[in-house]
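Contents: one structure, followed by commentary.
Labels run A, B, C, D, E and F following the written order; every chain starts at residue 1.
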Amino acid sequence: MFPGAIADREVADYVLLGAPLDISTSFQPGTRFGPNRIRRFAESFDDYDRRTDQFFTDLRVHDAGDVRAWDDAPEYVEWLAGSVRDAVWDDAVPIVLGGEHTVTAAGVTGVEPDVFVCLDAHLDLRREYDGNEWSHATVTRRVLDELGVDEAVILGARTGSPGEWKRAEAGDVTVVEPEAVPDWEPDFDDDQSVYLSVDIDAADPAFAPGTGTKEPFGLTSREMRDAVRAVAPRADGFDVVEVNDRDDGQAASLAAKLLREFVFSHAAEWADE
Amino acid sequence: MFPGAIADREVADYVLLGAPLDISTSFQPGTRFGPNRIRRFAESFDDYDRRTDQFFTDLRVHDAGDVRAWDDAPEYVEWLAGSVRDAVWDDAVPIVLGGEHTVTAAGVTGVEPDVFVCLDAHLDLRREYDGNEWSHATVTRRVLDELGVDEAVILGARTGSPGEWKRAEAGDVTVVEPEAVPDWEPDFDDDQSVYLSVDIDAADPAFAPGTGTKEPFGLTSREMRDAVRAVAPRADGFDVVEVNDRDDGQAASLAAKLLREFVFSHAAEWADE
Amino acid sequence: MFPGAIADREVADYVLLGAPLDISTSFQPGTRFGPNRIRRFAESFDDYDRRTDQFFTDLRVHDAGDVRAWDDAPEYVEWLAGSVRDAVWDDAVPIVLGGEHTVTAAGVTGVEPDVFVCLDAHLDLRREYDGNEWSHATVTRRVLDELGVDEAVILGARTGSPGEWKRAEAGDVTVVEPEAVPDWEPDFDDDQSVYLSVDIDAADPAFAPGTGTKEPFGLTSREMRDAVRAVAPRADGFDVVEVNDRDDGQAASLAAKLLREFVFSHAAEWADE
Amino acid sequence: MFPGAIADREVADYVLLGAPLDISTSFQPGTRFGPNRIRRFAESFDDYDRRTDQFFTDLRVHDAGDVRAWDDAPEYVEWLAGSVRDAVWDDAVPIVLGGEHTVTAAGVTGVEPDVFVCLDAHLDLRREYDGNEWSHATVTRRVLDELGVDEAVILGARTGSPGEWKRAEAGDVTVVEPEAVPDWEPDFDDDQSVYLSVDIDAADPAFAPGTGTKEPFGLTSREMRDAVRAVAPRADGFDVVEVNDRDDGQAASLAAKLLREFVFSHAAEWADE
Amino acid sequence: MFPGAIADREVADYVLLGAPLDISTSFQPGTRFGPNRIRRFAESFDDYDRRTDQFFTDLRVHDAGDVRAWDDAPEYVEWLAGSVRDAVWDDAVPIVLGGEHTVTAAGVTGVEPDVFVCLDAHLDLRREYDGNEWSHATVTRRVLDELGVDEAVILGARTGSPGEWKRAEAGDVTVVEPEAVPDWEPDFDDDQSVYLSVDIDAADPAFAPGTGTKEPFGLTSREMRDAVRAVAPRADGFDVVEVNDRDDGQAASLAAKLLREFVFSHAAEWADE
Amino acid sequence: MFPGAIADREVADYVLLGAPLDISTSFQPGTRFGPNRIRRFAESFDDYDRRTDQFFTDLRVHDAGDVRAWDDAPEYVEWLAGSVRDAVWDDAVPIVLGGEHTVTAAGVTGVEPDVFVCLDAHLDLRREYDGNEWSHATVTRRVLDELGVDEAVILGARTGSPGEWKRAEAGDVTVVEPEAVPDWEPDFDDDQSVYLSVDIDAADPAFAPGTGTKEPFGLTSREMRDAVRAVAPRADGFDVVEVNDRDDGQAASLAAKLLREFVFSHAAEWADE
């Protein structure tokens, strides 16, 4: 259980779902251990958040455990999307812990947002990667082209194929390079619903070495945090993905903290409702 | 022996004491290996410091080895305080290498400062933690409420319980959040004596992953350094704590360097006396 | 093979040479594994570079594999210099993957530049280290005093012996301290040829823990990148050294990326010629 | 949850209790991570056991999770003993996952056996260790002198203090040195009840490096297994302790397998009742 | 290149093929790094083999590098089988370095043996695992039921599902439990052709911790060796699989040595032909 | 300090000398960390030895610390031999902690034995290795051909070059293959003096993974122990070498234990004198 996620499912405002999918990782595998590693490195955090004056244990977070993964990505994503949708129907905010980025498709399917905001070193705008349409490197493309999202904002992206960069030039994609992230501010319409996805490799490898495809020149931990704080009040779903067990806990620790920042920031906005 | 700490005890201006206490660590243990790990990762540093134009080996630093720890924190702190006091009586500046933060109580007891300056991710202002009054999470509270210190300045703090934050609002506590640390300057009265304690978790986990309770969004190594440089000339005692052996040497390396910055900065101020 | 270095030797514009020399490392050994580790962590990078609109596989890079090292540094450097010179004679830019910094002497011998630009935490201006004239800590001195280079610029240097700092005061050495690196700009004469050497320990240990002599308070990965981008268009030779296998891939990942930045930046300048 | 421990508490024949106590470890700490590490490395085992023709999931094992530890060993042991006793009262066999060996006192308190069989490199017959009566090194002494056990058999013991060896000469202790373990056979009276404790350091460090106090010249994994198989049919309680997270999974994997051997062997004997 | 595998493809008697498939690993992934890790840890072995009085470099071994894997197991196995078949057609003995055990299907497809001898902790006789017919846990079943092999001998097997054990009772399967392996001797008909597959998890985790599904109570390194020596003279194909990078080199080192034992033993038998 | 080595130099019967030479390691370096790692992993051993009924602290062992190494092997060995000779002249038994096997030349030079007994996977009978006469792979040859030793017994050897095996056939060399070690018994003349050297790679990598050139199919820890026990009563000098820091402590733990076995066995024989 994620520390402090003590609410029962029935009364939960936030539902955590572990999604240990780990089949398309291009380089170093291990994201299957991500959900539990994030839970474990969250153990040392205080319950109380000073900035928003809230206790995590008060925010009715439920940890539904892991949705066990198998090796058929589209089937798994569909199955997982069911659990996400259940949470949405119960008026809870779904929070997915990856697992590879592919699982975000389930989060988006369940939440059906208008805008997809993503922290990622990679554009993930491919149609396929190595012949695989369900690779983690296609997730933002899928979100845009198949899951009905109107617009994607990719924060911290610094690499991609020419095809991806071309797709990124379309009107429905905004790419914010790492250097510009500190100055970026969300500018959503009032009626747009938002989903926020954090691929931990958006961070510089110094801050998150435990990920499958390290990409130097990335964001600092504070820059990640500020982006999460900015978007969270508007978001109806959240995930943090691509954490593996191949470091000394930096990636998991950062992921756990960002998840909490999401919950604290979201709850502070919606506390009275 | 800490590299370069070649002075005999009798003539020493600085006395190093290893304090491998490791009993109350909440999450990942291993601070018992901190003192030796700090010594080991100091091996690759140059003797000479350009900024202050001094050789470490000229500064009469003595490494008294480790004060072997056992599992009774109050007894151990009292025993260790005796060694600290011995150094003070011999007009040497005591330098403690933790071990968990609890050992700072010995440093403060021996030095009897007016002001306690601390680099720490945590407020450490609890009365007890998990029923334990001698937890590392109570050390700044103990310093203020029981050890006769007038004032505490906590640099880089970013988490605590409501009770700790409330205690922090009292007139004798100043909390400088991480973002404000670069602009902070010491403002001590001329007659105030100062003690400086560095909990390595003040640093962002990128800079010091080898510590028991990682807390992201922390200080960079240069911000830590500048704070040490600013306070050292006024300090009569120093410690660096909470380094464990669960990383690739980043935490120990940083701790060793900060210890040297302390000595160089202090000695540069007091060289003529 | 370095990923994407698919050109045949005959048509290559860039020739990679692994130089796994690992005999004089003062503290933590392992640079012998550097070349292969850099190659391995380059596997997850995209072929395409957005900034310069180039594919790495188009840039005619050839990986000549490793020049097997033995334990006689001067003999090895001479042998390696032969391979570097061969590349130069074939109008290719030689790129050396260390191995310890000592191997840079081979790169410089082969390239015969006027200016030596170096990213390094250390001055490396000693005549000898521990009685060894061929230690990695003497490489910049050798470059200046024995290899006919007119001028050395050392970026990010923060430590050295008094003798080194004195040598650094001579007119042919420019030292740019870490804090000043972001504002540094190359100012070479038009007819000066340049060699660029990256000792990965120029980076703060947070960004490159896997190196033999960690020196905190160093450069960020972006600062390293910007320096490489600035110098590369003018450089006729390049190396990246001092990466070992004692971290979770951060150092090798950064080194691989800087190597690619060098190639992309150089090729963009010289594409039409 | 331990894989396959799917029974509800009410119908359980075996009740697993995690006991992550980690305060008196003399050398390398980390036993606090033992219970979860054992659970995790059990994931790859088959449900079915060929030798006894049983499925683990059929054997009504319940994993009650961890009994959270704090830093007062006697209080914790008493608290934990309550949970053990509850299991005994419900006619279930309690199985404790350490944590340090100290937790065995809780198992024995709850089970109240006549005979205590222990696999251990150490005699653990001290009255105190480093002034601590509740050290892991005192657990077999406590079992004999304070917990009403008539007789202790220590398998694989190869070290102790003179006082411990003297205590071991008394009629109520049998020490079987490692070389004699393969030939040892239990010889209990029909009316004697038995408790079996496995300190993983009984194994040679080759087979279980992840433990706090490695003691070479120990048992092989098969010798450990055969001892467990021999004793299990007669035992009313079981524990496996002293596994930490400082290896590549060997210790946890062996511990998990021995736990399963215990359950399979016990259940095969008592299947009809 | 595997050290000593210096023969050109055209004249090779043994052809090495790396097969870094890593998609169905149930627990700890990383077999994708197996081939290179095996090559790397072979670097420290002597060229000469005393027992057979042969030099490895004389035995005309060619390392064809890796057959790059993608995520469609059946397609990949078919592709890989092509390379194996090529070697066979050129009268060379194919040697596959896994990668997960699934790749053995390619070796067997290419070699078309009568008898399949396997060192494995697992029976691998499933029809499917977790819904996947191409899981590593199905490979021996595939070999028997689909690839035309008459008979399988599984050495060191100690676990499986009831279905697997039932299949193992059929006349075409011989299971030799770990304890019986030292006394096992091959008893092939003169006209039977043989393929030998080594799943490194046949070894006890002490001898090969770096594998995906550790199974304690396994073989020692010498028992593995003796089995390889016994079968090699009769075998027309060989593989060693399931080595990953999650240990300190024990698994890769053992795998590399067993590969060499295979070549030395085979070549000694066939030297005159 | 090696735990328990509390005697002053003047009264010592055994003098420990750390010899962290690490320049000719062929594959994985790190023996420079061997001496301290052996000391560290000895911390958890009991002072008392049951078999010989002795306390280690009673046996007058002095730890003289490390003889700092530099990169000139012959000079270093000569310098180190001086310290060994000093111990011999003071009627103490010298004990060297490597560092690479090369340092044994210093031990033998100082002790001047008639017989050299060595536990080693390798013959170490080369004249040179990679052009280096002072490689660790030449040490037994040097002992025989240059240091006046009459006879060498190599226990556990399993690999070498043809030249080494040829040299091993001479009358002054006895090679005992690993399988024969358990049955080997020393058969020295009464007037022969003996030196015992333990290269930790004699052990199977399962028992000592932390060494530079792993060689599978080696000795178990108990076989190593029994050989040390058999030879120690007759030996006038001892060393244990080739331990590095690239495992989880198995190699250092075994080395420390063998060193203690040497001292206990030797002292038990000579106690009355």
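Just so it is clear, a contact is a pair of C-beta atoms (placed from the backbone, for glycine too) under 8 Å apart; a residue touches a chain by one contact, two chains touch by 3 or more.
Chains and their UniProt names: A, B, C, D, E, F = Agmatinase.
Computed from a predicted structure; not experimentally measured.
Contact count check for B-D and B-C (C-beta pairs in contact): higher for B-C. Among the remaining chains, the Cα-based centre furthest from that of chain F (Agmatinase) is the centre of A.
The contact pattern of C-F recurs in B-D, the pair among A-C, B-D or A-B where over half of the contact pairs coincide by residue number.
Each chain gets a centre from the mean of its Cα atoms; the one farthest from the centre of chain D (Agmatinase) is C. Rounded to whole angstrom, the centroid-to-centroid distance between chain D (Agmatinase) and chain E (Agmatinase), based on C-alpha atoms, equals 37 Å. The distance from the centre of chain A (Agmatinase) to the centre of chain E (Agmatinase), each centre being the mean of the chain's C-alpha atoms, comes to 40 Å. Multi-chain contact residues of chain E (Agmatinase) (touching two or more other chains): 204, 206-207, 247-248. Looking at the complex, you find that chain C (Agmatinase) touches chain A (Agmatinase) at residues 41, 43-48, 50, 204, 206-207, 220-222, 225, 247-250, 253-254, 257. Contact residues of chain F (Agmatinase) toward chain C (Agmatinase) in the complex are 22-24, 29-30, 32, 70-72, 130-132. Contact residues of chain C (Agmatinase) toward chain B (Agmatinase) in the complex are 26-28, 158-162, 165, 178-179, 204-207, 209-210, 212-218, 246-248.
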